[in-house]
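Shared between the two complexes below is subunit A, which has subunit B as its partner in the first and subunit C in the second.
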Partner chain A sequence: MKSLLWPTVVLVGAGLALVLIQSDPSSLELSRVAGIYALLALSVGISYGQAGILSLGQAAFASVGAYGSAIVTTRYEWNPWAGMVLAMALAAGLAYVLARLLVRLSALALALATLLFGELVHFALTRGGDLTGGYIGLPGIEAPAPLDSREGTHLVVWAVVALVVLIATNISTSAEGRTVRGAASDPVLAGSLGVAVPVRLSAVFALSGAVAGLAGFLFAHSSGYLAPESLSIEMSIAALAMAVIGGRYSPVGPVVGALVVVLALDLLPSEDLAGLFYGLLIIAAIVLLPRGLLGIRRSTPVSPFRKKASA
Partner chain B sequence: MSLTATDIHVAFGGVQALDGASVHVEPGEVTGLIGPNGAGKSTLVNCLTGFVAIDRGTVWIDGIAAEGSSAHRRARRGIARTFQTPRIDPDASVADNIAMARHRLNRTRLPGSVLRTPRCRREERGDVTAVHEAAERFGLTDVLQRRGSEIPVWQLRLVEVARATLLEPRYVMLDEPAAGLGGAELELLGSSIRGLAAHGLGVLLIEHNFAFVRQHADTVTVLDRGRLLATGTPQAIAGNRAVVDSYLGATA
Partner chain C sequence: MIEFVVQGLALGALYALIAIPLSLVWLTAHTLDLAIGGYAVMGGMAFATASDRSTGLALALGVGALCGLVSAALFVTLRRLGATDPMAPGLVSVGVLIALGSLAQAIFGIDPAFQANFEVPIEIGGVRINPQVFLNFAAVAVILGLIVVVLRYTGLGRAMRASAASPADASLVGIGVSRLQSLVFVLGGMLGALAGALLVMTSGLSFEFGLGLTLSAIGAVILFGLRGPVTAVLGGLTIGVVEALGSGYAPAGIGPAVPVLFVFIVLASGVFDFDDRTVRP
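Here is the complex of A and B:
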């Protein structure tokens, strides 16, 4: 099973990393942050790499999921795992509706719309009164086992990353992935072939939203608190940078991008330099590696027609 | 059972592109659509396939008015088309480009693809077989792995026809598929078009090469300045005074 290669690499890597860093809280914290960023970057890879939707709102979808789960678990005593399902469903539902309304816009207008959506979410969260805790946010979010330990969190987060890498692989190698990439590249042609372009692209965006919502859930329930700034627009931009740098067409590229960026940021002397750093990285990636570090051409390695032709 | 457009009027801004045009496509027959540049041939195909809104007139798909039916719905109802300027994803392989047409027949969507259900695998195996068969019919086997950007325009026209047939349509609109094709390819295309009609498809063939139309079409419709000028057998059209004067004159 070729599709299990990258998920296995991620799992084994996470296991080995745990052996190396298990007694080091700051490294485990870095790993948690990198894993959550990897999930956000993967959600960008799915929406941008497959459906061609450049989204600057992925952290907002994560925020919606995180707040959804945090509110029902702290205020209404839901089981946290039910909160996880709600987080994914909320983010996916919002993403679907947003994409259905906006997917006919030009690429740039759509990107700006997702940015505005992020601002709207931020506005709603800060003005949400007692429900969202306003600017202060929500403290005391329950950490269900195994998210109650740093080691457990590390393993859960990276196991989810491996699972999403598998999902991304299955999309990019499937007939549906082929259809969606074609619909994004030439909607007129896709329409002439009977493809309901807005529905197909929106479905992929909804899945991307679900992944972001799951990242938000993991963030909220492993941090224990949530504020409007926790999953900020800067995180959306960072996730986009990671996906572009790592390779948005590759199912594992965004994970590589997240690791590279998080580790490099950790070495930066000041957090104030982060914005400059992202800007330089994105420009460098676009100029030097337009397809990212794992820069694959959009369809070559995933075409099922290869084997037969070479046989 | 037929695909029929009657009395179609379409204006683009101040330009009356179609001014009462009609055409009739019968299953199992090849209908040639000819006329000078700007006669409205491609616009008429765009009306039949739902890409252009009609100001006045009706498109009938097997006796049912197609009014308001969008392009993708008409494709799903079995109306395939090619484009005068070939549309191809330059980054995707020729195989993937052709395989996109299989979406209509396959039922697996995103959830099934994520889970790689048995139906998903079965349908994808079917895609591979179907694409290879179509490629063989149109002499494209050797270029299946090439990128869309890497093959010449005349071959893209064959890719478009192969892709349209993979929809397994009941009607297929071919917009100048023979442009730029040489002797052997022209013959291949001609026999493929006859083959489609023999399988019961209704074929609409837009073409400037009247010899090619005359050889392969059962009936010919002539448009001139958005109006129906004449319709009849290729022989009758070749001898039609008005057609010779307005269009064929130079070539006949």
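Here is the complex of A and C:
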């Protein structure tokens, strides 16, 4: 039942926070943004921390999910919750295909390819004509029942965060998680033991894509509008920075990172400087927390179990 | 058709200009300096603020060198901390790229900068050509020539090639490897800034161009294999022509996506990979 610890902490924290800030719209808005960022950072944590796939295009999956759901609900009058399923399925499917294509590349080439993929999605969205609304985007996206109030949004978003933390915890402690980390750290050895390495890694990346798609759905249906810049490349970088800062191997690390970064960003004087902030943040995270990045392959798969063995 | 190709070559020459330092950084430091587009943006925007061309150029080169120095310091720090894979410095350079773009927006504003050198295109054999093409080509040719000469025939070049072949052995025979790597980063900053300044005179530049320039430069260096400055220049010219033909013939609006797609396909095909030591299945 240890795996229930962090999700419970997140839920209780969200409940307490709601009591404290329920009369303050700007704090509720901040909490919504932080929760969506936390989901995006969690998706980075899952792909990077577990499968070793460093993605610089996570916001693109969120965008795909968000646009998918927004288009079917505004144009074809789907139920928003069906849109949510579509958002996750679209993002997961795309992530799976992309990972199957790219997972054999070296880490740097893989990261670059995800960056390029993000650019391609952005191009497609800005030039999608009537379907995506081009640069202007899609206004008037329906907010289904709990998402139509700030309090409801707060609770839904953080409940989803708690759920994803629970899933991430279960993955990282399960046999499946061990297999995936083994496959990521030594693909040749894992392959010789009968692990279908590309399939396993791609499946985890698909899960991370689904989480990002869910984040995109929540964003679109709680803000009511969507533009290509809503879920931009800066957001991909920011999510990565959050996951790195908070600790991508811990299931709850990305959530901590997201909270810290969003609260700090709120103190910035101008939105124009957000890029500078994210850039410096990622530099600081990598230079000051070097242990994270140095031996991704060497240190990660072993350490969780060592702790367990000694405990 | 020929006009598109010429226009593409003008842009391609600038991609080549930023691809040269990218290939040198890979050879001597075994990482990619993804901030290169950021140097171009900072340098180009700084160039555009100056009242005349020569002050602007000096300003651009200064700004570029400063940015390169920051990247060099970050790279050396990471190496001191023990990062040996290309990943950590590569990611840091993404951070620098994003930060420089935002900084350029804050300092120089969101208006694009465009200062054409030549008002009237000249006509050669019925094809209208912007003389800027020749200027860009001259810049690339001179710089490529200088770099090849330095690499082949001078002690500095020998030291650079030695550090590229084996940093450990190079430092054993008394070559200051990190100093050389820093030098290459600073050179990257200056060449990036020069390319930015030329871009202001060719087709214009705005603060959000950094990532696109970096991606084009990466495409240029990997297209014919990461072998050195000469293949990087050829790659840059090819990417430029592909982009121009894309914007000329591809359905409206998707022109800018063509080089990105092109590079994505090159990467995804796995023809080329950055690190043959850790090949994944």
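Here, the second predicted complex is superposed on the first by the 289 of 311 C-alpha atoms of A that agree within 3 Å, B and C clash if a C-alpha of one lies under 4 Å from a C-alpha of the other, contacts with A are read in each partner's own complex, and residues count from 1 in each chain.
Simple rule for what comes next: contacts are C-beta pairs under 8 Å (C-beta built on N, C-alpha and C of every residue); 3 or more make two chains touch, one makes a residue touch a chain.
Note that the structure is a prediction, hence the values are computed from the model and not measured.
> Does the superposition put A:I171 against subunit B (first), subunit C (second), both, or neither?
First partner only, subunit B.
> Go through the superposed model and pick first if A:A227 touches only subunit B, second if only subunit C, both, or neither.
Once the two structures are laid over each other on A, A:A227 reaches no partner at all.
> With both complexes overlaid on chain A, does A:D186 touch subunit B (first), subunit C (second), both or neither?
first
> Kindly classify A:R127 by the partners it touches after superposition: subunit B alone (first), subunit C alone (second), both, or neither?
second
> Determine, under the contact definition given at the top, whether A:V197 touches first (subunit B), second (subunit C), both, or neither.
both
> Where does A:L207 make contact in the superposed view: on subunit B (first), on subunit C (second), on both, or on neither?
In the superposed model, A:L207 contacts subunit B only, not subunit C.
> Have a look and say if subunit B or subunit C is in touch with more residues of subunit A.
Here the partner covering more residues of subunit A is C.
> Is there a shared patch on subunit A that both subunit B and subunit C touch, and which residues make it up?
188, 191, 197, 297
> So in the complex, which bits of subunit C are touching subunit A?
Interface residues on the subunit C side: 32, 74, 77-78, 81-88, 90-92, 94-103, 105-106, 211-212, 215, 218, 253-254, 256-257, 260-261, 263-264, 267-268, 270, 272-276, 278-281.
> Which part of subunit B faces subunit A closely enough to touch in the complex?
Residues 49, 51, 70-73, 75-76, 80-81, 83, 87-89, 91-93, 95-97, 99-104, 106, 108-110, 112-116, 120, 123-124, 127-128, 131-132, 141, 144-145, 147, 163, 167 of subunit B touch subunit A in their complex.
> Using the touch definition up top, name the residues of subunit A that touch subunit B in the complex.
3, 167, 170-171, 174-179, 181-182, 185-186, 188-197, 200, 203-204, 207, 297-300, 303-306, 308-309
> Taking the touch rule as given, give the residues of subunit A at its contact with subunit C in the complex, in rising order.
Contact set of subunit A toward subunit C: 54, 56, 101-113, 115-117, 119-120, 123-124, 127, 187-188, 191, 197-198, 233-234, 237, 240-241, 270, 272-283, 286-287, 290, 293-294, 296-297.
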